[in-house]
Structures are given as C-alpha cells and as structure tokens.
Amino acid sequence: MKLITAIIKPFKLDDVRDAIGELGVLGITVTEVKGFGRQRGHTELYRGAEYVVDFLPKVKLELAVSDELLDQALEAIIRAARTGKIGDGKIFVSTLDDVIRIRTGETGAQAL
Amino acid sequence: MKTRTLPLVAALLLAPLTAMAETAAAVDKGDTAWLLTSTALVILMTIPGLALFYGGMVRSKNVLSVLMQVFLTFCVIAIAWAVYGYSLAFTAGNAFVGGADRLFMSGLTVESIAATFSKGVYVPEMAYFVFQLTFACITPCLIVGAFAERLKFSAVLVFLLFWFTFSYVPVAHMVWFWAGPDAYTDAEAGAAAGAMAGFIFQKGALDFAGGTVVHINSGIAGLVGAIFAGRRVGYGRAPMPPHNLPMVMIGASLLWVGWFGFNVGSNLEANGLAAQVFANTLLATASAAVAWSFAEWIWRGTPTVLGAASGAVAGLVAITPACGWVGPMGAIAIGVIAGLLCLAAVTKLKARFGYDDSLDVFGVHCVGGIVGSLLTAVFCSPSLGGTGVYDYVANAVAPYSIGGQLVAQLWGVGVTILWSGAVSVAGYALVRALIGLRVSEDEEREGLDTRSHGESAYT
Amino acid sequence: MKTRTLPLVAALLLAPLTAMAETAAAVDKGDTAWLLTSTALVILMTIPGLALFYGGMVRSKNVLSVLMQVFLTFCVIAIAWAVYGYSLAFTAGNAFVGGADRLFMSGLTVESIAATFSKGVYVPEMAYFVFQLTFACITPCLIVGAFAERLKFSAVLVFLLFWFTFSYVPVAHMVWFWAGPDAYTDAEAGAAAGAMAGFIFQKGALDFAGGTVVHINSGIAGLVGAIFAGRRVGYGRAPMPPHNLPMVMIGASLLWVGWFGFNVGSNLEANGLAAQVFANTLLATASAAVAWSFAEWIWRGTPTVLGAASGAVAGLVAITPACGWVGPMGAIAIGVIAGLLCLAAVTKLKARFGYDDSLDVFGVHCVGGIVGSLLTAVFCSPSLGGTGVYDYVANAVAPYSIGGQLVAQLWGVGVTILWSGAVSVAGYALVRALIGLRVSEDEEREGLDTRSHGESAYT
Amino acid sequence: MKTRTLPLVAALLLAPLTAMAETAAAVDKGDTAWLLTSTALVILMTIPGLALFYGGMVRSKNVLSVLMQVFLTFCVIAIAWAVYGYSLAFTAGNAFVGGADRLFMSGLTVESIAATFSKGVYVPEMAYFVFQLTFACITPCLIVGAFAERLKFSAVLVFLLFWFTFSYVPVAHMVWFWAGPDAYTDAEAGAAAGAMAGFIFQKGALDFAGGTVVHINSGIAGLVGAIFAGRRVGYGRAPMPPHNLPMVMIGASLLWVGWFGFNVGSNLEANGLAAQVFANTLLATASAAVAWSFAEWIWRGTPTVLGAASGAVAGLVAITPACGWVGPMGAIAIGVIAGLLCLAAVTKLKARFGYDDSLDVFGVHCVGGIVGSLLTAVFCSPSLGGTGVYDYVANAVAPYSIGGQLVAQLWGVGVTILWSGAVSVAGYALVRALIGLRVSEDEEREGLDTRSHGESAYT
Amino acid sequence: MKLITAIIKPFKLDDVRDAIGELGVLGITVTEVKGFGRQRGHTELYRGAEYVVDFLPKVKLELAVSDELLDQALEAIIRAARTGKIGDGKIFVSTLDDVIRIRTGETGAQAL
Amino acid sequence: MKLITAIIKPFKLDDVRDAIGELGVLGITVTEVKGFGRQRGHTELYRGAEYVVDFLPKVKLELAVSDELLDQALEAIIRAARTGKIGDGKIFVSTLDDVIRIRTGETGAQAL
C-alpha cells in the first residue's frame, strides 16, 4: 500500500476530492498547512512594520491507496489540482507497511 | 397633508426646519439628551454593529475588506454630509432637492434650532444635523453587503459617494423635508407649508424613520450592484458559509440596540410617543426573529442563528417606516409578516433569479422596507390600534383611510425604487468605465484582505 | 411600610402605578430620556452582553446554541410580556399576581403615566412597560447558563416560558408592585395602599433593582435545572475550558455597562440618587472583581481573566438589590464580600455537591443575590452611610433597625427560593415528560451547533 | 482668565465646584440624564473598547494579559478615585493639588451639586464624581499599550497606581480645577476665583475634555515605559502582527462611540454646544481616519484597516482638547493634520529612535494630544469659526489672540510633559527596584496568558 | 523504527494518550485534521444556501516507536480509540530511516 | 529522495527556514501541531476547574530533499532549531518513493 501526500491550492480541494471519489477511494485526511516555495507571497503592513508573508495557505491531502490504484489516483489528483500556475503544489509517494481500521481491526488493503 | 399652491415669497418666508426667532426656552434638555444619545446609538449600529454583521457573514479572507468598506464609507460620507449633504437635503429648495443655505454648515451655530413634530418644541439644529448625519452615513454602508467579496475598494468608495449625492440626498429631501408644525397655523398657511415640502412628503407618504429613504433606497442600489458586479467566483459551487457567526450575532444585536436610536430618536422628543416607538421597535423585531427561525425550524428542520439574526434585522427594517404610527400589536403583526416574507425573498427569490446579492441587502432591506411601508398604511389605522395621521391645522387626528394611505405609500415606494434604481445604474456604469468594478480573479480567490488592504484578519 | 386592612373598594380606587388623573406636566423629559437610555442599556446587557459572556465560556461546538438560546428566549419573552406578563405583574390584583387590565397592552397609550419613587413625579407608562420588559427578558436568559451544552432547544424554550409565567411574573408582582408614593397621603391611605402591594413588598423587603426578582429567582431555577439535566458527558474528566475568553471579557464588560441601565434606570428618575446608584454599581463591581482575582492570585497563584470577569458579575449581582439604599463605601464592602463568597460557592460548593451548573448561574446569581439582599439590610442603615427607608406618610426617613430589616430581607429571599424552586421542579419535570430534556449523547459530543442549529460557529 | 490675588478668606468662602446653597431647582434632569449616559459611554470606551483595541493588536498569546491589565487597572483606580483621587483632584487646595474634603467621598451626598460652565446651572455632584472617575480610570489604562507583551502583572498594577496618584491627580487639578462660573460675579471676585484654580488653568490653557490631562499625560508615561521596559524579545526580527484585526476594529469603533460621552459629557449640559462638541468629535475623527488611510494608500500602496482605526483614534485624541472651542470645519482641519502627523510619528519617529512602544501610545496619544492642544489655540479663534473664550466677568466672549492662546497652550503641554515624565521615571525605577519590570524571557516567548494568568484565550 | 500515524475521533485523544503513556512511549505529535470517509457528515443551512459538510473533525496522532514497541502501541491505540461506530479512524504504519533528537543530536532509538 | 519531518519550537521557524534556504532547498510545508513529550506543560484554572495542559504548541516542517542534500539539511535544521533546552523537538527521516510537481508533471528529483 502507498501513502499519497499531496500539497495543493485550497480552492482545489473540492475538485480533487470529487476526482478521487470517482475512483472509489473512500477516505482522505485533510490538513491545513502553510507552504513555502517558488510562489511569491505578499507584503503586509502594520503601522510602521512591514512583513513579507511568504508562507501561503495550502491544503495537504493524505490518502492511503492500494498499489494498483496508485497511478490512477495520482493522475486524478494532478488533473484536478492543476491550474498551470506556479504554486500548484507537490505530491509525495511513500510506502506503508500496514493500514489498520480501528473500528474492526482489519488490516492491509481490507482496511482502506 | 393637503397640498395647495401659495406665492413663492410666502413659502420662502416660512423658516424651514430652523426657526431662529423662537426662544431657546423652547428647547428641552431632556429632548437634547435623548437626541444625542440616539445619535451615538446610530453610530454604534453602524460601527461596529453593521460592520460586524456583514463582516461575520463573509469568508475570513474578506472580513477586513468589508469592515474597511463600512468604516471608511461612514467617514467619507460624514464629511460629505457636513460639506453639502445636509444643506441639499434639509433646507428649502424645490420638491426634489434643498438649497445652498447650509453648505459647509454655514449659519449653523449652537443657537440654531430645528422643529420637532410638536408645535412649539424645538431641538438644537446642530443635534438634528448630527443625528441626520448618522442616517446619511449608514445608508450607503448598507449597500456594501450586496457586492461584498469582489469589488475594488476604490470602486466602492467612488460609487457610494456618487449614490449618496444623487440618490440619498434627494430622496431624504423628498420624503422628510417639511416646514415644521409651527408653519401650519391655519389652512392657508398649511397649504403653503405643504407646498414647500419634499415631493413624497407632499404625496402624504409616511416614513417615520427611513423605510423608504434608508432601506428601499439602499436595497435597490444593492440589487443593481449585485447584478452589475456579477457573481462571486465559485458562487453556487463552492461553499461560502459565514466565517464567524458569533460575530454576526454581535452585529445583529448591536444593530438592534442602535436601532432604538434610529427609530426612537426620529421622534426628536423624549415623550410617551418615543416610548411607544421604542416598544414597537422591540416587539416587531422580536416577532420577526421568532417568525423567521420558527419557519426555518418547520421547513428546514433546524432554527438557525443566522436565521434569527436575519429575522431580527428584517423586523427592524419593516418597523422603521411604521414605528411612530402603529400600536404594539400592529408592530407584532408587521414583524411576523416581514420575517416570513424576507425569508421567502432570501431563499426563493434569490434562487429563482440567480443574482448574487452576497449578504441579502435586497432581500432584507428592500423587501423589508416595502413590506413595512405598505403595512404602515394598514396598521396606522386607529381602528387597528394605530395613531392615525395628525392634522396640524386642525390640531387633531385626521379621519383615516387605509386605502388612501396605501396609495400615498405606493408613491413613496415607487418613486424611491425608480429614483435609486436609475441613479444606481448610472453610478455603477460610470465607475465600471472609469475604474473597473471587480478585482482580478486571482485576488478574489486569495481574498481581498491581503491584496487590497495588505493585512490578514487573524494570525 | 406597615400593613393594615382597608375596605377593598377604597383599595381599588387607588390608581395603581398609573395615574391618568395626573397632568402630563408631571412628566419630565429628562427622566424619560434616561429611562429610554436605560432600557436600551439593559438590552445591550442581554444581547449581546450576556450572550457573549455565556457563549465565550462554552466549548466552540456549542457557542451558537447558547447564543441562540439567549437570543430567542429574549424574543419570545418580549412578546409574552406584551401579551400577558406586564398585566399580571404590574396591575392591581392580589398579593401574588396582578390583574387583566393590561392584557395585550390594552389601555396602555402614549398618554398613560406610571409612578416613580417621588411624589408627583411620573414617567410615561409605555417607558415603564418597556423598561420592565427588558428585566422580564433577561431573567430567563440567565438560567440558560446552568444547563448549557446539553439541552434540547425546544425544551429550553418551553421550560423558560413556563418558568417566566409561573415564577418570574408572580415574584415580580410580589416584590415590586405597589400603589406608588402619591397613594400615601396619610396613615390610613398609606395602610390601604400598603395592603394592595405585593406580598414581599408588604413584608418590607427591599430590592432596588432585582436581587430577588432577577437573581435569586433565576439562580434557583438554574440549580434545579443543573440537577434535572444531569452532568455533561465527560464532566470532570475531559477539560471544558472556555473556548474564547476575550468573548467572555466583552460579555462581562457589556454586562457591566448595561447594568447601569438596569440599576440606575430602576430609580426611574435622573436625579442625584440616580447618580449615587450609578456610583454604587460601579464601585461594588470594581471591588468584587479585585477581590475575586486577588483571592485567586493568593490562593491559586495567578489572577485570571475569567476570575476578574466573574467577580465583576458577582459584584453587579450583589449590589443590585442594594444600590439605591447604600452609600458608596457600603457598596465597596458589599462588592468585596460578594466577590469572595461567590468565588467560594463556585469552587467549593460546586465541587462538594457535584452538580454541573455549567456556567455557575447558582454560584454567582443566587449566592450573589442572597449576599446582596441580606447586606442591603446592613448597609442601608444610615449609621453605615446608607439612606435608610423613606416613610411616604411622614415624608421623612423612618427610624431604622438593621435586625428588623434583616427579617424583612429574609422573607424576600426565602419566599423567592421556595417559589422559584417549586415552579422549576414542576417545569423541568413537565418538559422532561413532554419533550425530553437532553439531546442524544452523540449530538452532545458532536456539539449542539451543527446538530440542533445546522451551523458552525467558525469556518 | 486673569489672575489676581485676593484675601485667602474670600477665596475659601467661594464654594469650589459644589454649591450647597443653590437650590436643587438649578439642576436640570436632562443634563443629569446626559451626564449619566456619558459616564456609561466612557466606561464602554474603556471596557471593552480600549481593551479590545489593544487586545486585538497583540499576539494571541498575550491578549488576555492586555485585557486583564486594562480591566483590573480600571477597577483598582475606581476605588482609589473614591478613596482619595477625587478629593485631591477636585476640591480646593493649592494650585497643584486639592484638599482632603472629599476623602472617602465624605460629604458627597445625593444633594450635593457641582457647577457647569453656565452660570446658575448645576449637576448632581455625585454624577460629576462618577463621570470624572471614568476619566481617571481610562487614563492609566491607555499606558498599558506602551509596554504590552512583556511586563509583570504586579509591576503594571503598582506602577499605574503610583502614576495615577502622583501624575494624573495633580495634572487633573492643575488643568481643570476652578471655582465655577458663579464665582465670577465681578472683576475682583473673578480674580479671586481665578487665583484658586489649578496652575495650568490659571495660565489660561484650554483643554475641553483631556488633551493634556488624559492624552499627553499618559502618552509620556507610555514613552518612558517603553524605554524602561526595553524591547520585546524578537522585536524588529520576528513578525508581530495584530492577532485579530476585527477585534481592533470593534475596539476602535467602541472607542469612537464612547468618546462622545468623553467629549460631549465634558460639556456637562445637554444643550446646543453639546451638539456641536458631538459634531466636532465625529467630523475630526472621520477626517483623521480618511487622512491616515489615504496617506497609506498613496505612500504604501494599500489603505489598511489598522490605519483607518489608528487614524480614527488619532483624530479623537486631537479633537479632545479642542472640541468645545472650535467649529466643525476647524474640527475637520484638526482631524486631517492629526491623522497625518500621528502616522508620521508612528512610522518615522519610532523607527528613528528605535524604542518599542508596542501599541503606539506615544505616537498616537502624546503626539495627537500635543497637535490637538496647539491647534485648539488656532481654531478656537472666532475668525476661524471657533467660539473664542468666554469671559465670565463680562458675560461675553473675550477678544481673542491666537498667539496669546498658543503661549497658554504651550504652558499646558510643557508642564504636563515634564510632570508626567518625571513621575514616570520615578515610578518605573521604583517598581523595577521593588518588583522587577519584566517577565522572564521564557515566559515572554510562551506568552503571558498561560504563565501570568493561567489561561488560554482561545481553545 | 516505525512511525505510527493514527486518525481518531477528537474526544478519544485523552484516552489514547493515556493508553500509550502506560507503555512508556514518551512523545506524541498531534494535528487537527479533517477526515472524509464512510462516516456521513451533516448539512448546514445558511439562509438560502445548503451545504453538505462531509469533512469531519478528526485528530491525527504521530508517534515514532521502536520496532519492539510497535505491536503493543498499535493495540493500545486500537483499544483506546475504538467506539465500534463508523468513523473510528485508521492507523498507518511506515518505516523511519532515522530519528534525531534536536536538543542532543542523539539518533536512532536513543532519540525516541 | 528523503522526506525530513522536523518538530520544532514555533519561534524557531524563521531561523530554520533561513538556514535551509541557504542550502538551496526551495520548498517547505509547515503545519501547526501540538506536541506531547518530556517538556512539561502548564496548569490552567477556570473557576473551580483545574486542567493540566501538556500539549504544547509546536511547528512541524516537512521537506523533501534529494539524498545528497539530506545530511546538510539535517545539520542545518539542528543548528538553527537547537536551544539546548528540553522540548527542542525531533526530526524523522523517511524514504519517498516518488515526488511529483503538479504544475508540470515532473517527477523525482526534478520535482523538488
């Protein structure tokens, strides 16, 4: 099983969820994060003090998928999240040793 | 009030609103105290009241833009009111606009006095000036809700100044300008006085505290603005829930509290009628909040905080034109009806026509204002617990006809809708041509706060 | 005031509270202005004041439910007050409840006037009506804090309407209804007037602004409610800290500001005594906030914001019955004592008995109300800087006995506790049988906001 | 006012401020109503107004500490005012400090009356006492902003009590204490009366509502405090943006609303001049908010909410000394100038000298106060629409010289700066020696809320 | 060493912390996340607009454990977090190449 | 490629970002988390109720780096984040199977 971690633009969340929903992936975990990258932030001014804010709001999706679904899931995410503009984000893929569903105790692909 | 013609000379001799000749003894400090209190309350109602009510309803990335639009509009219009607004609205001119007597507040001193609705009772004109200023300031601020979350800040300011000048000021003059009760010494003088009043006043339309001037006026400008601005990016697809409902609730509560200044202050005197206006304002609002949220409960399954707050505002709007003419039971009826009709407007009407009136300025203020203005004619009737209309010539309540008054009210509603609609179309078109109305799609997505104001609301 | 019997006929001839016969000239616009201002302040104290004070103290998943309970209770009771509450509380009836004269506000016009505490001085009855309305509205809202975070919304509304009808209205009548000072022309007339007053009033109990009627009354209902409702899921194990302490602080501040309307408005006149009530209200509150937070500092290591806010409210509660009878130094003493005793109630008493009074309605309002009511007897004494009690027959301050007054106060406290306790038990039992009190455990865990109201406070 | 000597006996015979001899009939309930309302407004301005304005500007880990410092300072000073502050400030003594007549409020009853600025017009002294109390309370609270986010809570309380005693009280006496207008029966009596007034009053300095007493006084104490405290850990490197700008906006709005009590209440009467003070306060503030935010827009690219709020406060500060002496157009001019100069102070001056005045108490209150005090001399001139200065002996407006008045104003500004500066240096040094000023670096990093108060603002 | 990532119901956090505390695991990192899965959300209504909220508040625990402790830790988490109702959550197990304690520079199992 | 996950004290965020910025690492993803560990929390008191708060605010950094940069990056983080006091935090290193840049579809080290 693989864990897909995708950092995307917040307003793309619904599109991405729909896209992977179509594949039959039933679970996603979402975290609000701040991203620092090539995309430039903005300047904020509070009375005399000027701050460059280069941490931009991003959304991190984590989804565990079976090895077979991996490519389709990646494709779906890329398709749905891409705007073509800088800051679209990154996807990381790593290997999971195991997955357990707490409710039933099922493990492995069963638990997804 | 009947309208007959009178030689212009005589009309000009009547001291409109202000009567220096009267001795200061006619001014009661209790009235002044209440008028000043009311003025402070109307400010509280706008900043922070309205600002929070609106600010809580938008997404967190746009809350500062809304607060700023309300706050600075308030400031800019206050100055415009001192420079020319007051003069053009509240001095004698023609039936549509006033004169130049008070430009830059000239001649307005601590001695100047203004008429109330009782013969021989005056208030300091300066108090009247600043009380009316707060009405002039809040009205354009109301419009902000209709096109929230997408307009350029400069476009907002320029449009609202334009609209204030060409719609608020003349409509205020048309509805509220008159010679004051002391001018109605006998039938002939009364006719002369009537002839110099504003156009809608002459039609006999009743608007105690601004159903037409404030709410229908701004509501129409909001609707036109929502259409001109177009829908927000993602409207109808992405969820756009209020980012902070406790803030909405604080705002609604302060609107309610401040509205006692708005409505009761409009009585200009601290007397028994003031207390009745207070009671009406309270009861109509309570009824409308109950009506809206119970209707949601029945039809949608849960009574919502946003519904209760919206209902309260709908009730406040609807009782505004009526509050000095109806009895408490009439006020309750108006509240219930307005609560239900505004709910319908906000859910059905908006969905049907698909315009994106972000914070329902049209659905609450215009619809509520129309409902209130028309029901004023009904519940003003002494047979339904209302006060009827006072005839200052006869010094008694005049015979009352609901039908006749309804026609008068329709004049007020109709003229205001047309006038404000036309001015709004012109204003938005002009601003669109000169400055452009909307921010870029990118800025809209990121939020107006960081891009238009260089700040984040919460860190 | 002594109580003797008098032929019923004579008693009915006395115009209770309202005296149409008096000329309107007896009404001073300064008093009216202040009474209207006070009324607006009491509303500010409830919405948003109390709503925020309570809303900030619950967990974020329940903040809307608390705001909604306060807001809609306010609205519903306002209407009930207009329909029957005012009539049953403030017209002549028997010693426990008033009559039907003012049902649906009938006969209450802009001309009606109501007595103050000075002979020959009147205020518009409509102003008195709406001022008292705000007391009637806030009292049930106070109870909401005791069973917060776990009750069905429908159960809350139904119980509070029941309790308002059978506890608030009669207790208000028992404590506050009297014939007005002008009825006390001589000893006999005074006795007649006394005999038609409310039961607790006849016992001579002093309650300037609602220590018994508002605070003990609601505090007991809260305690009974906390017991009937049972503890919140996870109580004592899971942390349940206030979700937003700045909101609590805003709420406490607005309670304080609004309380000047509550206490000072109860004087009905804008005179020197009004100013003293103001000073007392301010000083007792400040002292109680200092006492509570310094006690925490000493005993627990840090002075907390919640402590300062709670202390302030405790001080406000305790000075409420006393504010018109004690001097400023007496007010400071009352504040310090109330701050310390309420702190003890909230920490020790609650821990000891294990009831889950979510926001300490009993510990602050009932305990503070009792402390204030009893200390009124002490610091009212002219020997301790108080005003003593005025004898309207002799037109002078009467000889004063602390012990005697203490007995009278105990009557007030005791009757209120028993009456409200009994009505509360009946009310909760009834609602439990009819509707059920608590939401499901699942809903309680998820939060009442999303499930009972279909909304999230913050997004 | 000219100052001549007069036998001490005569001076003492003049009843300073309070004149028991006058009949109560001289007290108008309308004035009392307005004064009580104003007092409530000044409280609203402090808690929650100022507390939120400051609380929103700090980081979320310190918001409770700021709320607590403001809230408890308010409470402690209120008690100190009742115990000795009022007596030392507002009874006859020497030119620098008052006497012991009113210690523990002795002799201050519901019958006592205090002079206004009109001959023969009085208000209840108790109302005057409590109105002035709110001024005494808010002034130390203002200082809190200068050393926010780093001081020990105990150090804050002790310093502010010290500063209140040795700076606020004497400066208030120096600027505001006088014998009241009725003492100025003829030239000789006028001279005697003048001689018993406060030192700065005798110099002829005008300060209608506290430009020197409140703003310059606290602003200097803030600057000294910022220097004594040293910079916050990470200042200049780590971003320290306001954690909640809507909270700042609520605070600024409530400051504005409450300031009408502050400025207009200072007129003590509800008359035409009160209305003008109201209009001035509104217009100067609006202008300053527009000036500050438009200047930012031009120079920095975006108009900010913090800028609009700061500008509003700068305008409020600057109009405070002037509001009863200038015309509305003068008020607008003062607002614009103050908005721009305070912006410059806050951005340039602070950067230049590198002190860490956390929330710009010096830049806004001291600079704004100086600007306002000096411009008072300019726009007070009848030739520029001002009222001029009234000569109570001649019972007419006196001939006016801008230059002469400017010298008087400089006396007021200069003495206040030196006096408050000296007291502040002594106070901070003392507290540093006794208690220590700053919390540990660890506590500062973690935030004062959890460590000094054992609470978290938001959960 | 293994990294255990558990997505659980928020009100179970204290129970789970206590359960693993008993095993002697000394560190946990907790993130507030939103989960999308089989568990149904609720509907929110704002005036005319109705939104289905199917992202539910969850808590994500991350804890690094030595290989020996893995099974015990998993068991403890499952026991403490289970309510038996849908939405109890998932546990992911993955392999850590290294762990470093910043304060001391210690690495590997020492650093846990 | 490796994924570095560092849990640090919040006020060290800017220092760490600067330190890794100097290495030419162009992207970081930051999450606000709460950490439970050896470092003691504080006690909070709300009227009668006393709560021990032992979850402390921490910041979690995630950065994907090429294998070559790993050591330098670790060193830089440790240097910048260390205060020497308890609670400085942990670094976890794990292996990434793949990295994808959404905007361009690039994969592997190209995508970093």
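As written, the chain order gives the labels A, B, C, D, E and F, with residue 1 at the start of each chain.
We adopt the following convention: contacts are C-beta pairs under 8 Å (C-beta built on N, C-alpha and C of every residue); 3 or more make two chains touch, one makes a residue touch a chain.
Only a predicted model underlies this, so the values are computations on that prediction, with no experimental measurement involved.
J.: Chains shared as neighbours by subunit D and subunit E?
T.: A, B, C, F
J.: Could you tell me which chains make contact with subunit A and subunit F both?
T.: D, E
J.: When subunit E meets its copy subunit F, do both sides use mostly the same residue numbers (more than half shared) or mostly different ones?
T.: Different residues, largely: of all residue numbers at this interface, under half are found in both copies.
J.: I'd like the Å distance between the centres of subunit C and subunit D, where a centre is the mean of that chain's Cα atoms.
T.: Centre-to-centre distance between subunit C and subunit D: 35 Å.
J.: CA centre of subunit A versus CA centre of subunit B: separation in Å?
T.: Centre separation, subunit A to subunit B: 48 Å.
J.: Can you tell me which residues of subunit A touch two or more of the remaining chains?
T.: Those would be 31, 44-46, 53, 94-95.
J.: For subunit B, give me the residues that contact two or more of the other chains.
T.: In subunit B, the residues touching two or more other chains are 28-31, 33-34, 37, 241-242, 244, 250, 300, 302, 304, 306, 454-456.
J.: All pairs of touching chains, please: list them by chain label.
T.: A-B, A-D, A-E, A-F, B-C, B-D, B-E, C-D, C-E, C-F, D-F, E-F
J.: For the complex, which residues does subunit B have touching subunit A?
T.: Contact set of subunit B toward subunit A: 234, 237-238, 445-446, 450-451, 454-456.
J.: Please name which positions on subunit B make contact with subunit E in the complex.
T.: 239-242, 296, 300, 302, 304, 306-307, 310, 346-348, 350-351, 360
J.: Any idea which subunit D residues touch subunit B in the complex?
T.: Residues of subunit D touching subunit B: 28-31, 33-34, 37, 41, 59-60, 241-246, 249-250, 253-254, 256-257, 260-261, 264, 269-276, 278-279, 282-283, 285-287, 289-290, 293, 300-306, 308-309, 312, 327-329, 332, 387.
J.: Can you tell me which positions in subunit E touch subunit F when the two form their complex?
T.: 3, 17, 26-31, 64, 94-103, 105, 111
J.: Can you check the complex and tell me which residues of subunit E touch subunit A?
T.: On the subunit E side, the touching residues are 2, 6-8, 31-38, 55, 58, 60, 74, 77-78, 81-95.
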